[in-house]
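Given below, in the form of structure tokens, are the structures.
In the two assemblies presented below, subunit A is common to both, partnered first by subunit B and then by subunit C.
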Partner chain A sequence: MKSIKDLLSKITVENIKIELMRTAYGNKDTFMGKLDPRVAIVWYLIFAIIPWLFWNNTILLGFLLYMVVLLSISRVSPLIIILLAFGLVTEAGYIIFVSVMFGGDLTAAMALLTFTLKLTIISLASIAVFASMDPEKFSDALMSFRLPGQVCFGISYGYRMLPILIEEYNNIFNSFRLRGKVPEDRGVIHWKRVVYYCKTAVFAFYPMMLNTAKRTRTTVEALEVKGFTYSLKHEEVRKLKLSYLRVQPRDIYFFIFTIFLIITVIYIGHLYPIEREIHPL
Partner chain B sequence: MSHLRSQQLSQSQKLMVFILSMSLFGIANIITEITPEFVLGPVELSVSYFAFVPLTMVFLFSPLHAALGAPLGEIIFADLLMGDFGGLGELEGFIEFGMGMYVAGLLVKDPTNKKQLALGALIGVGIDQMLSTIVDVGKVWFGIEELEAVPGVAESILVLEGISFTTEMLISGVLFGLIPTLWLVPKLYGKIEPLMGFEPRNPATFRSSAEVINVKFIIPAVFLGFVAMIAEFMATLDVNFAVWEPEFIDQFGMQFLWVGVSAAAIVLLVAIIGIVKLKNSQNPQDKSKGA
Partner chain C sequence: MNTLISVKDLSFKYPGGTENILNRVNVEINKKDFTAVIGSNGSGKTTLCKAFNGLIPHFYVGDIKGEVIVDGLNTREHSVSELSKKTAYVYQDFENQLVRPTVFDEVTFAPLSFGMKDFKERGQLALEMLDLTSIKDEFIWQLSGGQKHLVALASVLSLDPEAIIIDEPVAQLDPVNAKKIYEKLKLLNEAYGKTIIVIEHHTEFIGEYCKKVIMMDKGQVVWQKPTKDALNNVGELIEKDIFPPQVTQAIHRLYQNNILLPITLSEGIDFLKNHPVSIAQQPYPEKVKKLPTPIVSLEGVTHGYKTLNRGMNYVFTDLDLSLYEGDRVAIVGSNGAGKSTLLKMITGIIKPKHGNVFVCGENAGNTPPEKLSEKVTYIYQNPEEMFIEDSIRKDIEYFLKVRDVPDTEQFFSKLVERFHLKEIENKDGRLLSGGQQRRSSMAIGLGMRPQVILLDEPTASLDISSRKEMLLMLEQLKDSVKTVVVATHDMQLVAEWANRVIVMDQGEIVKDGSSHDIFSDVALLEKASIQAPQIIKLGQALNLNPVPLSVDAFVSCLVAESGEEKLEIY
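Presenting the complex of A and B:
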């Protein structure tokens, strides 16, 4: 019971706000962050698809090693990686546990290991690319892939509005708490308090919705005055906006290196395969 | 009834609905991200999303734009900006959630009618959860080679997915979906629309008959797909739970697998056709207004 209370007291809105700002507006000056965003996205797509095509553990381990090296260059916060690892391990653990209950054996564990490896490679690839990419650059890259303008606008809008919205919700939530009263009788495992906070979190959305509606109207009208929807439909505007995106030699080297590496890993994997023995039926 | 005409939104009003739904659901997701979870073995009691926020939006405003904005808000605010963007995995969530919310919005004719609101809320969250179960089961199916040969895994996946489906429906669907929506929608109805500069929704607003007819196809398609997937998944393995019959698989294993895969493919196809059709039925009106 005490541990829950401690945990709750550590999660203050202030702390979370700082953590958020750090992730959203932190230093993007890493190796992956300097790549051309379009190249980085194509690179990610390759590694989101490739692991599904192989069941050979050597190949998968090779890719995993590559990801780990890249991540260590990219200086990703260790917290994100620990959280990811913990999640993957516990999930696989539950599946193994329940399958043993249904009369399975450790072949289940081996099969799941391959599956977990695939998921890990994909998640690491996405962390390597997106944790260090500037959201503005990301939205421009999406625009150059001809995604709808609203989506790209949404990303830059969110990037700028996030602090304001969090601040506002926090204020409303606190004013509800000031006017309300925390139940004195806590109940078992504080459930009455949990219910109280959940209710407040829901109630706070009523003024929040009205305020955001007003703000949205202002934003959209300001945008329309500048001809936003009109500009979305015009090729010249797009070209002007994306003119700063250039593929540098370093992007090309990186890409060639990656393709070379993929081929090598697959080749080595075929020479020394570690594959699950298919259970004889 | 002559004043009830099918109201069309201008381009900027559509953008307004889209951005509003995006920001609100984005913030809601940041809040659910930081709420602690209670994990009891494989049972996870956590609020995975505040479904009432997008539900309120699709019930009060144009369902299409609100339903597109909400999952995008989740991706941008809670994932991209907080540093855990899942790449292609996000696309899957976007389609599942967007479709659920869109159907929910089209089911409601009159936002003051509580029965319609309740039905819409439950079906909306239900579609999202069913689609995500289909995708999860499919992933394991594809990701583990010769799944039938590994005893126990498939049953355990089914059990775990079943547990998560139930808790999700209970917590996200009812406690944070149905109940707050029934409270919020009547409170906001007629109050929030003037702030954004349009008329409150009436039975003829924002729904074309083509859209409503399509919804009647989408709901059974998703539901049948869900049932088909689970049934085929079980059939591939074993009819009797926990008793292993290798001969059965030997004889029918591959065929059953293909039946399952094709069932999933059909559902996907139906979904895509439905979406494309809806888009087409929407577009001509857009053009007549937008130009």
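Presenting the complex of A and C:
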């Protein structure tokens, strides 16, 4: 019980903010972080599609292993790993529970677990890419893929605003607490308090949105004065802005290695398949 | 041609507005001027400055007559992007004008957006001019308020503008950082030949740094004078709710006759050397007696935050403090000294990592803030964060309503009356002016019937008349609450209001005493980077002991020896 309390006491707004910012900006010098963002995005797209093409568990496990190795050299924040693990464990538990409860057996569960495996590969790929990619680079990569300038700016600006928003939300949440009233009667396993906190957490969003809307006036003016509109209209600004993006030999080696690895895994998968028998209907 | 900005017969009305915000304004600003624009709220200062960089008429499309020429460009015919290379603008809420994650991204953003090939060099140069190269790679959100303001200045400086407009720099900054900003502006003006325009009502800074003053009233320029002449119009300034420097006020009250009044501290000291005064010594103020049981006590409190590199940043280690009934405490110290954390700890929002906090007999460490708030109220620095309902009246009622306290109508109505909120009680707090917001936040606090009230920077970003109102409200608090604690940078407030001052430096209490004790300890002021009010420095220069804390006290212990009668007090 005490350890749970200790764990819960670590979930403070301050810690969440730090973890988020660390995830966003703190991994510039990892292997994945140093890749050219465009290469990283293409790499991610490959691994978002390829798991759907196979039902061979050997191949999928091979990809999973690759992802785990990549993640282990990417210094991903524990918060993200915990969230992912939580999702996976509850999902696997639910699958086994449902298939056994509703008269199926473990083969049904196995089929669904293959599906979970695919989702896990994709999740890990996205963590490997996005947790170590600076939002700035991500936004610039999107710009070089010719997405609208407002969208690209929106991504980097959103990250810049995140800590301010979290802080503001925290203050307003506390403002509710400083004037609110906790139910005296706690109810079974404190459920009344839980309801009170959840309600407060939702209510606190509204003042935050209004305050933010008010603040953006200055931001919009400042953007205008600093030539944001000008930059959208002029192609040479886009080129200047993206001129720092260069594909390095490292990117090419990484790409070739990945292709080679995919082929090898598929080959091994065909030699030693772990495959469910597909029953004809 | 020496004129940089010339305004001819400019009138402007915001779209949908009923009155002209600017009314036939004629003014000229020369190259390399350092000009202050003063005037009461709503006199059109900000609107005029927005006409200088083309936001008016290009961004705010209102009714406009007359013309503005900036460095030969007519603002009507040239776009905002062209004009922003001539005049730069630093906002009062400068934090919202920073749009990029790191300092270097921010300072290169404008030249990059305009497609200037040398954008990196420009950003670098701007950082060097303001001595910011050491924080080049820092994230904006980790900077202090003073650093953010300098970055906002650097980010507009990177376009190499002719003129820089700064809207109320002192309002959001502590005195030490405000002085730093002015020193930088002075440097930009003198060494780099920039024209500086500040919207300002802190006349002490105007006296020290500005060369000219433009006075605005009701959308018109009343006059434009050299600073010395401008600040000598003591009567007129006070009528417009602008207070001349304390030195000027004091000498003005000592000498009725028409002399040229000093406008800076050093001028004041010189003046008094040549105009001898006799000193009527004042008795030391009595010390407040402490009751044996404290209302709030902190025992061995340790607290810290995690930092980005997984280290721990200790705010307090082993802090002890007791607050008593009748205390009017001012907590002072530079940003990051731990003032806000201390206040939040007393409310129970922040729980100490080690040690105990007791508030009115309750242990704040294991009492939820909802329960402690029946004893103690915390007033946020930013009132907007206290507006959780859609009208002021509902906000004031919230606390007692959720507790189902009966018969409160009369209490609320009285409160609304007392804080002059009758006309605006049904409005959303966010739509009010700064002064109204501050009054509302006080009313919300008192609507909780607290014994202890904690205020975070109650006078920050208030204009002078709202500030005066705030002082009055603080004065009246003693009738309804037992202990008042204020965390502040406003040393005039400290000198005139507090009966106990706690100086914090890096999470430690370095001094706990009366205003006299604090302000006479020069080494301490230096260490905790506190700027004593001008009148106290003047008193110290005259070796007055005890040093007078306000202009009133100063005047009452000096007698002018020029043969003239002493002036009566206005």
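Rule of thumb we're sticking to: the second predicted complex is superposed on the first by the 248 of 281 C-alpha atoms of A that agree within 3 Å, B and C clash if a C-alpha of one lies under 4 Å from a C-alpha of the other, contacts with A are read in each partner's own complex, and residues count from 1 in each chain.
Note that in this section a residue touches a chain if its C-beta (ideal position, glycine included) is under 8 Å from a C-beta of that chain, and two chains touch if they have at least 3 such contacts.
Note that the structure is a prediction, hence the values are computed from the model and not measured.
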Fit or clash between subunit C and subunit B when superposed on subunit A: fit
Touching partner for A:157 - first (subunit B), second (subunit C), both, neither: both
First (subunit B), second (subunit C), both or neither touched by A:253: neither
First (subunit B), second (subunit C), both or neither touched by A:182: second
A:145 touches, of subunit B and subunit C: first, second, both or neither? neither
Contacts of A:174 with subunit B and subunit C, given as first, second, both or neither: second
Cα-centre angle that subunit B and subunit C span when viewed from subunit A, reported as a multiple of 10 degrees: 90
Partner chain(s) touched by A:267 [first = subunit B, second = subunit C, both, neither]: neither
Which partner reaches more residues of subunit A (counting touched residues only), subunit B or subunit C: B
Touching partner for A:201 - first (subunit B), second (subunit C), both, neither: first
First, second, both or neither for A:136, with subunit B first and subunit C second: second
Which superposed partner A:118 touches (first subunit B, second subunit C, both, neither): first
Per-pair minimum CA distance [subunit C against subunit B, superposed on A] in Å: 5
Subunit B and subunit C contact sites that coincide on subunit A, given as residue numbers: 135, 157, 159, 210, 214, 216-217, 219, 221, 223-224, 228-229
List of subunit A residues in touch with subunit C within their complex: 14-15, 18, 21-22, 25-26, 135-136, 156-157, 159-160, 163-164, 168, 171-172, 174-182, 203-204, 207, 210-211, 214-219, 221-231, 234, 236-237, 240-241
Complex contacts: residues of subunit C adjacent to subunit A: 53, 55, 59, 80-81, 84, 88-89, 91, 93, 95-101, 105, 109-110, 112-115, 117, 119, 139-141, 155-156, 305-308, 344, 347, 349, 368-371, 373, 377-378, 380, 382, 384-388, 398-399, 402-403, 428, 430, 444, 448
Contact set on subunit A toward subunit B in their complex: 4, 7-8, 11, 16, 20, 23-24, 44-45, 48, 52, 55, 77, 80, 94-105, 107-108, 111-112, 114-115, 118-119, 122-123, 125-127, 129-131, 135, 138, 150-151, 154-155, 157-159, 161-162, 165-166, 169, 198, 201-202, 205-206, 208-210, 212-214, 216-217, 219-221, 223-224, 228-229, 276, 278-279, 281
Residue numbers on subunit B that touch subunit A, as the complex places them: 11-12, 15-16, 18-20, 22-24, 26-28, 30-31, 34-36, 41-42, 47, 50, 52-53, 56, 69, 72-73, 76-77, 80-89, 140, 142-153, 155-157, 159-160, 175-176, 180, 183-184, 187-188, 191-192, 195-197, 241-242, 244, 246, 249-250
